[in-house]
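Heads up, there are several structures right after this.
In the two complexes that follow, subunit A is the common piece, with subunit B as its partner first and subunit C second.
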Partner chain A sequence: MNWQIIDQSLPIFAKAFQLTCWLSLVGIIGSIIVGIISSLIQYFKVPILSQIFTAYVELARNTPLLIQLFFLYYAFPVLGLKMSAETCGIIGLIFLGGAYMAEGFTGGFNGVNTSQINSGKALGMNDLQLAHYVVFPQGFALSMPALAANIIFLIKETSIFSVIAIPELTNTALDLIGMYYRSNEYLFVLVVAYAIIMIPVILILSYLEKRVRYGSFGN
Partner chain B sequence: MAHSAINVFLEGNNISRIIGGLWTSVWIAAVSLVLGLALGTILGVLRTLPNKVIRFVLRLYLEFFRIVPTIVLLYLAYYILPRTFHVNWPASWMAVLAFTLWVAAEFSDIVRGAIESVPKSQRESGLALGLNKMQLFRYVLLPQAAKLELPATINLATRVIKTTSLLMMISIMDVVAVGQQIIEANNQQYPNAVFWVYGLIFILYFIIDYPLSAWSKRLTAKHSR
Partner chain C sequence: MAEEILKVEHLNQFYGDWQALHDINFTLNRGEVLTLLGPSGSGKSTLLRCLNGLENYKSGTIYFEGKKVDPTEKNWQNIRQKIGMVFQSYDLFPNLTVMENILLAPRKVQKRSEVDVKQEATKLLKRVGLEKYVNAYPRELSGGQKQRIAIVRALAMHPEIMLFDEVTASLDPEMVRGILKIMSDLSEKDHMTMIIVTHEMSFAAKIADQVLFLEDGKILEDTPGKEFFTKPKTKRAQEFLDSMNF
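And then the complex of A and B:
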């Protein structure tokens, strides 16, 4: 382990670090939006759309991000749709993440106790009121563990962007290894960089999870 | 023309090469899962024991694998083992090692959670019958935990299968790497081959993973009812 080499590589890694954080943030926010839309459509069983979104969720969840990215980056240009690597990366991540988020939210909505729904009905609520006042508040609280797991998962999935040459952390480390043959040093910085991102995220999420647990009712 | 590019699969032995690549991915996933689940069960049981040191060390082990992306784990095994420890295995065994340790870490958490959620009365009844610690785990806790952990285990398996798509990054001839070679070799004749080859690989992964995740979902629905 040569500290001088690590020291020299830090400015390059700092740039990659920012890019990984930025891509993760955009990917997570996009995924949550897609996930909410998709789970609402599935919850209200909107005709046709809900079938399309169910198919989307299954297709995205059961195929690797790497192939999804290859498809976007290499196969779409053949069809005349050319996008930059970063656009492909973000679209791919949101495609994958949206499906995972949708699954998590749907699980939360379905987990709401039936006695809660029956009580709402007994109070004379219609379907929309039930959804707004009973199912969603409790459902989102119940889907918090899944949301936390998905956020951690999506941040780590940005490492796969390295295959389409987006200069995020993993790609940067590989580039440096390829140029200078210093695998121990660069892999060490890479692992530390991921730890710097992941440890606060994991701590914040587990704190939130504990807070939200009081948000469930009944039982 | 898009419809003619599908013929790329009929060129030479392309189909059998893709199946061969798929087999590489499947056996690496299968061996890693078997080894990882065995190791993960042992680690999971150890994590339910009262010894604080063991629990702390195993917790660190789990957190390391939660923090580091799988692709980085592959590189760690691929670069550090040969250079620093002079282990010269073929890349596929390096991948098996990295995947096994990863699966064991994740599964240890699943096992621990499942053992802890077996009702306390079960443990007490076992002890009242005079079972020793080994027997208690062997006959009472692990069988009941196995039932609870099945959906999460199947999900883990689908993730391992999907993650095999990264094997080509450490120069293993998996299904993706074979696909890339076919695309490059036939680029002149079939410029649209990229669409069909990646499309086929996409479908192949879906065919393997979809039944598994549907099974896991059905089990989860049954549990929550």
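And then the complex of A and C:
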């Protein structure tokens, strides 16, 4: 292990680190939004839209992100839609993540007691009000474990962006190894960089999970 | 002159092939208390839930305040604001405080002003002896306290009718008395129109203006309250009362 090599590579890794964080953040927020919309539409069985979103969830969850990215990056330009690698990456991540989030939220929403729904209905609430005040807050708390697992999953999935040459952490490490043949050093930095992202995320998520479950809920 | 507030005609409800309610007919006057009695599984709760559209009944007609109810979900949403309901399982919203639970529907559904509703909520909480608990969460309350809050939450909507679905069935005997007292008060002091499903016979005997006795989804008796408990028309009702040691 040569520390000098590591030291020299740090500025490049710092850039890649930022990019990984940024892509993850946008991907996660986008996935949560898509997931919430999709699961609410499925929960309230909105005609036509709910079938479309069910098909979307199945398609996105049952195909690998790698293939989705190839499609966006190599096949779409043939069809006349050319996007930057970053845009493809984010769209791909949201496409995949949205479906996973949707499944997680659907599980949570379905876990809300029917008697709670009836209680809201008996107070004259319409579907939108039920969603806003009853189903969503309680279902969200119930889907917290799934949400946390999906967030961690999506951060790790950004490593696949390396195949469409987005200079995030994995891509950068592989590039450097290809150029200088110092796999030990660069892989070490890569692992440490992911750990720096993941450890705080995991700590925050498990704290939130506890708070949501025992803070405002439970018996 | 008694004013008819609710009328049910030829109501039928099915679950698959099984008929849960058979040709239900009755009328209820404003200010009166109707009690639904009968063994478990006789359709009392199902009937109650048909009256505010929580069940989609298969056929029949309900008239509320003289108008035929068009049983669409949209229409039920309006009617439910005038027909309050309290459940056996309380069903307060666990993520909201007592005050938030009470304010939610009057504010968001009825769009009333926060100041007004809050004032009224405080008054109602005082009435049920829980004014100290405005900021408590449901999990911090006992079953009896939760049920009192649930009643207040329904009352804050200014309902014309209150439906009570076995509201004391999961409470300690000690708590039961408090809830029954509140219900009696509502009838005596506020002349609230109420439909009550209960297994508390002596309470029913005291409060009921009218009793529907159900079995297997059929109304076996539609009798004035006093008469039902002293000399019921059917042998089956007499057996039922005997079995409840009444």
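Here is the rule we go by: the second predicted complex is superposed on the first by the 201 of 219 C-alpha atoms of A that agree within 3 Å, B and C clash if a C-alpha of one lies under 4 Å from a C-alpha of the other, contacts with A are read in each partner's own complex, and residues count from 1 in each chain.
The rule we apply is simple: a residue touches a chain if its C-beta (ideal position, glycine included) is under 8 Å from a C-beta of that chain, and two chains touch if they have at least 3 such contacts.
Just so it is clear, the structure is predicted and the values come from calculations on it, not from any experiment.
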Kindly classify A:Ile36 by the partners it touches after superposition: subunit B alone (first), subunit C alone (second), both, or neither? neither
Is it subunit B or subunit C that touches the larger share of residues in subunit A? B
Applying the document's definition of touch, where does A:Gln116 land relative to subunit B and subunit C: first, second, both, or neither? second
Taking the superposition as given, does A:Leu79 touch the first partner, subunit B, the second, subunit C, both, or neither? first
Does the superposition put A:Ala141 against subunit B (first), subunit C (second), both, or neither? second
In the overlay, answer first, second, both or neither for which of subunit B and subunit C A:Tyr133 touches. second
A:Met125 in the overlay: touching subunit B, subunit C, both, or neither? Say first, second, both or neither. second
Look at A:Phe71 in the shared chain and tell me whether it touches subunit B only, subunit C only, both, or neither; answer first, second, both or neither. first
First (subunit B), second (subunit C), both or neither touched by A:Ile12: neither
Please output the residues of subunit A touching subunit B within their complex, sorted ascending. 58-59, 61-68, 70-71, 74-75, 78-79, 110-111, 152, 156-157, 159-160, 162-163, 170, 173-174, 177, 183-184, 187, 190-191, 194-195, 198-199, 202
For the subunit A and subunit C complex, residues of the former touching the latter: 113, 115-116, 118-126, 129, 133-134, 137-138, 141, 216-219
So in the complex, the part of subunit C that touches subunit A is made up of which residues? 49, 52, 54, 74, 77-78, 80-81, 84-85, 87, 89, 91-95, 104-105, 108-110, 137, 139, 153-154, 157
Subunit B - residues contacting subunit A, complex: 63, 66-72, 75-76, 79-80, 83-84, 158, 162-166, 169, 176, 183, 191-192, 194-195, 198-199, 201-202, 205-206, 209-210, 213, 224
